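Look at the two complexes coming up: subunit A is in both, with subunit B in one and subunit C in the other.
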Partner chain A sequence: MQIQIDRTSGQIAMSGEFTFTDHIPFKQMVTEIFAAPGKAVVIDLSRLDFIDSAGLGMLLLARDEAKKTHRELILRGPIGQVKRMFTVTKFNTLFKVEE
Partner chain B sequence: MSPVMATVDTAVDERAVPEGLADARILIADDDPLCRRLVAGVLRAQKFTNIEFAEGGLSAMEQVRRFRPDLLLLDMQMPDMSGLDVCRQIRAQPDFADAPILVQTATVDRKKMGELFAAGASDFLSKPINPSELIARVVVHLERWNSLRALRDYRERISREVEAARRMQVELLPDPITLQWAARTADLRIASYNRPSSELGGDLWGMLPISNGAFGIFLADFTGHGINAALNTFRLHALIHEYKALHHDPGALLSMLNERLVRLLRIGQFATFMYVVVDHRAGVLKSASAGAPPALLVQGMKGRARLCDSSGFPLGVERGVRYRTSRRKFPLGSLLLLFSDGLSEFPDADGKRIGDDGLLATLDTCGPALTPQEVIDRLCAAAGMTEGSPLPDDTTIVCIDRRAGHRPNDGLRDRATTQPVASSSCGGR
Partner chain C sequence: MFGWKNSNAAAAKLPSPEPSDVPAPEGPQRQDELMRRWIAFADMQQRVIRTLVHEIQQTSAVVETEADNLSSRFQNLAICAGQQTERVESLSRLAIGIEVDGEAVAIDRIAVLLEETLSDVVEKILMLSKDAMSMVYALSELSANVDRVDSCMEELNKINRVTNMLALNARIEAERAGTAGAAFRVVAGEVRELSGATQRLSVDMATELKAVTEGIADGHATLQRVATIDLSQNLMAKDRLQVLMEALIRRSGNLTEVVADAMKEAEVISADVAGMVTGIQFQDRTRQRLEHVVDTLRVVDEALDELKTTTAETLDVPVAETPGDNEWVKTMLDRFTLGDMRSRFVAQILEGRQPADHVEAVAAPSTTGTVELF
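Take a look at the complex of A and B:
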């Protein structure tokens, strides 16, 4: 998985495959982005090809961090397998997902 | 003046020998009594207390067996056996394959030094002996040896414990006799495949007998794998058996398990879960799903394989979720296949994943002549899984087969195959 972070706008773009092995960089990124001041955090998933259950679990951690810091978390543009996973697990109702 | 004595006045390193090394067993092998005394004197001055001697190569071999030294100081030139031969013979013993052997030599010949290391020496001390050098090298090698042993002991202990845990986890799976009994009673066949990606896994499946031959099959997959996920499977197993009264009602069982797991699991952990009650008398399936991969279902003899909707919040994410029970027909000739995403998302040699649709297409090629175990084998092959291939994720497959026309004598095949695959096939009729 690759992550691009734009701290000023609170935008994160993820690409590739988001799996168990990405645990540490993702957690670091979450801590960092929510520590910085700002309003909404947007995670752009439109270039993410694959997510496994560990990846979904990490999104839940981000959601929890957002709640704690009273920030809005938006997941943008899931496609393909990622979108299907969101449907099967109803994550599209747990998160604010923008097409 | 002998070269040995020339060194006595050399300044001794004032650094103290680290604690815990003083009682290390040190064997000094030298045919020259003066050398033995000198080396022992230097070591004793640094509080090494556990020192023994050998007067030659043969006696060194004997002392290694008897005294089991932590470190051997070996003279190169002894009349009965060369230091090189002593080194080689000691290294041939598994217990001493890595023990430190410090060779004392007067040689500076590079070729000879090479032979010395090739024979298994850990290091050398040049004669005449310099006390500081002697102590420094002894300490370095003892510390290295101690940490190597500590690591090795730790690894052995952990692997024994993991192995015990793995056996316990295998015991959570349905035992073949209960499975066979359920299959016979319901006049169908059940086959399964379960393989963790490491010793311990986050997948769990089970069979819950209900009444009148009906039974429930559940398949759970916790986030991640390894010990954390494995411990959660034990929690879940205990919870499922706590709610026997709900075993006939998939929606109610899932709702209850979710309430319990929400309180137990840390944020970011959850389980996908599929539960199906198979009622062969009524010819129906009742199921509920918590974000598990879709079940594959072939309804009746002429049915084509299709995916059953399995959407739902995974267990342990949100409080107060009400899971719904779906009913589907399951007449004679039907087949139900449950799997964890380790199967559908297994990356083959080209990194491609078969996906739910690929499994569906493969299932359509599995005629009723195939036993449920053969159906599972074919799906694994189609996904690119071979018996030895390492799995990136825990993988579980359960096949429940009511198809007519299976071989009449293909009753029971014992749970077999090599560990860590737990695979079984049971059937009636």
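Take a look at the complex of A and C:
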């Protein structure tokens, strides 16, 4: 998985496959992005091809971090398998998911 | 006297019963002749009436027998139609759902139960994934803490080595000072003992810390194996099961519609059959009407008999049948298209035979399934 962070706008773009092996860079990214001041954090998923259950768990931990800092975490543009996983797990009831 | 002679239709088809080449008698002789011919004609009329009576009775009996057969068959059909309706009703109940522990559960309710169960499973998988990742992060933090403690231990060892060196130097200097350094020698010895104890404690702590580090590493590895089990296929199973259940609900709906249509048609068939049974039972009215006709014909026959006797008494010469009187009957019988009926009429009217009981012969076509063609 590749992560691109735009610190000025608070946007993160993830691409490739998001699995357990990505937990260290993802944790660093979350720590970094929520340490900086700001409002909503947007994760762009429009180029993310695959997510496994560990990836879903990491997104839920990121949501907890957002709550601690009173920030909103927005998941934007899921497609294909990622979108289907979000539908099955009803992620739209846990996150703000934008098409 | 022959009223039918003035009928246009009869005149066109039937020959005149009067011979044209015989000169007409005159006066009382002519009246006698006409009376004899009337009596002969009345006699023929009686034969026709009796034949007709017999034919009507036989036909009525055949119709009644056939109507009874038909009624019996339609009643069987009505029973079958009723049973068919019950089977369709049963099928209707089967189409709606399944029976579990004596309780009917609708297909759509099964889908709801399945959806609830799968949603619960999905929720637990998500919680499991989240907790597993949380523990991975916590163990990573713990591992980092242990690394930092290990660094501290290293620093402690360095300090201990320096302390030990200082104690050794102090002991050397105390020996050089002789008796004046006796007290200093005791202090140096105590410091060296303290350094040795600290060294032993440090070794013990290092051993324990190594065990903790290895435990954390093992736990991290185990947790990593758990966390890397991809449950996304299990999550997607819910998606596939939902698609299957939707298809099952659609199939159930279609089946219910078809069964409902079949149910309506079965009810219509039952009602039609019941109506036909009732209609056939009205055959009894037909039999009564034919009995009235037969009764009327018998009264006419008796009246003719009486009038014929009265007329014959006024004549001097007995009445004899003339060959010409049968011609119109023969011509009439030639118009019959049913051979067996014609034979019976010829035997009874022209040949004067008594009617035979031929109910079975007449009824035969319906039992053999054939009809006489003409």
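A few comments on the model shown:
Note that in this section the second predicted complex is superposed on the first by the 99 of 99 C-alpha atoms of A that agree within 3 Å, B and C clash if a C-alpha of one lies under 4 Å from a C-alpha of the other, contacts with A are read in each partner's own complex, and residues count from 1 in each chain.
In the analysis below, a residue touches a chain if its C-beta (ideal position, glycine included) is under 8 Å from a C-beta of that chain, and two chains touch if they have at least 3 such contacts.
Remember, predicted model here, so these are calculated numbers, not experimental data.
Partners subunit B and subunit C, once the complexes are superposed on subunit A, run into each other and clash.
Once the two complexes are laid over each other on the shared chain, residue contacts for A:T89 go to subunit B and to subunit C alike. Within the superposed three-chain model, A:L56 lies in touch with subunit B and with subunit C [touch as defined at top].
Residue contacts after overlaying the shared chain place A:A35 against neither subunit B nor subunit C. Here subunit B and subunit C are compared by how many residues of subunit A each touches, and C touches more.
Across the superposed pair, subunit B and subunit C both touch subunit A at residues 20, 52-54, 56-58, 60-61, 81, 87-90.
Across the complex, subunit A is touched by residues 119, 122, 125-126, 128-134, 136-137, 140, 224, 227-232, 234-236, 238-239 of subunit C.
Remark: subunit A residues 20, 50, 52-54, 56-58, 60-61, 64, 81, 87-90, 94 touch subunit B in the complex. Interface of subunit A with subunit C (complex): residues 19-21, 23-24, 27, 51-54, 56-58, 60-61, 81, 84-85, 87-90.
Those residues of subunit B that touch subunit A in the complex are listed here as 221, 223-225, 267-270, 272, 291-294, 310-314, 317-318, 341, 345, 353, 355, 393.
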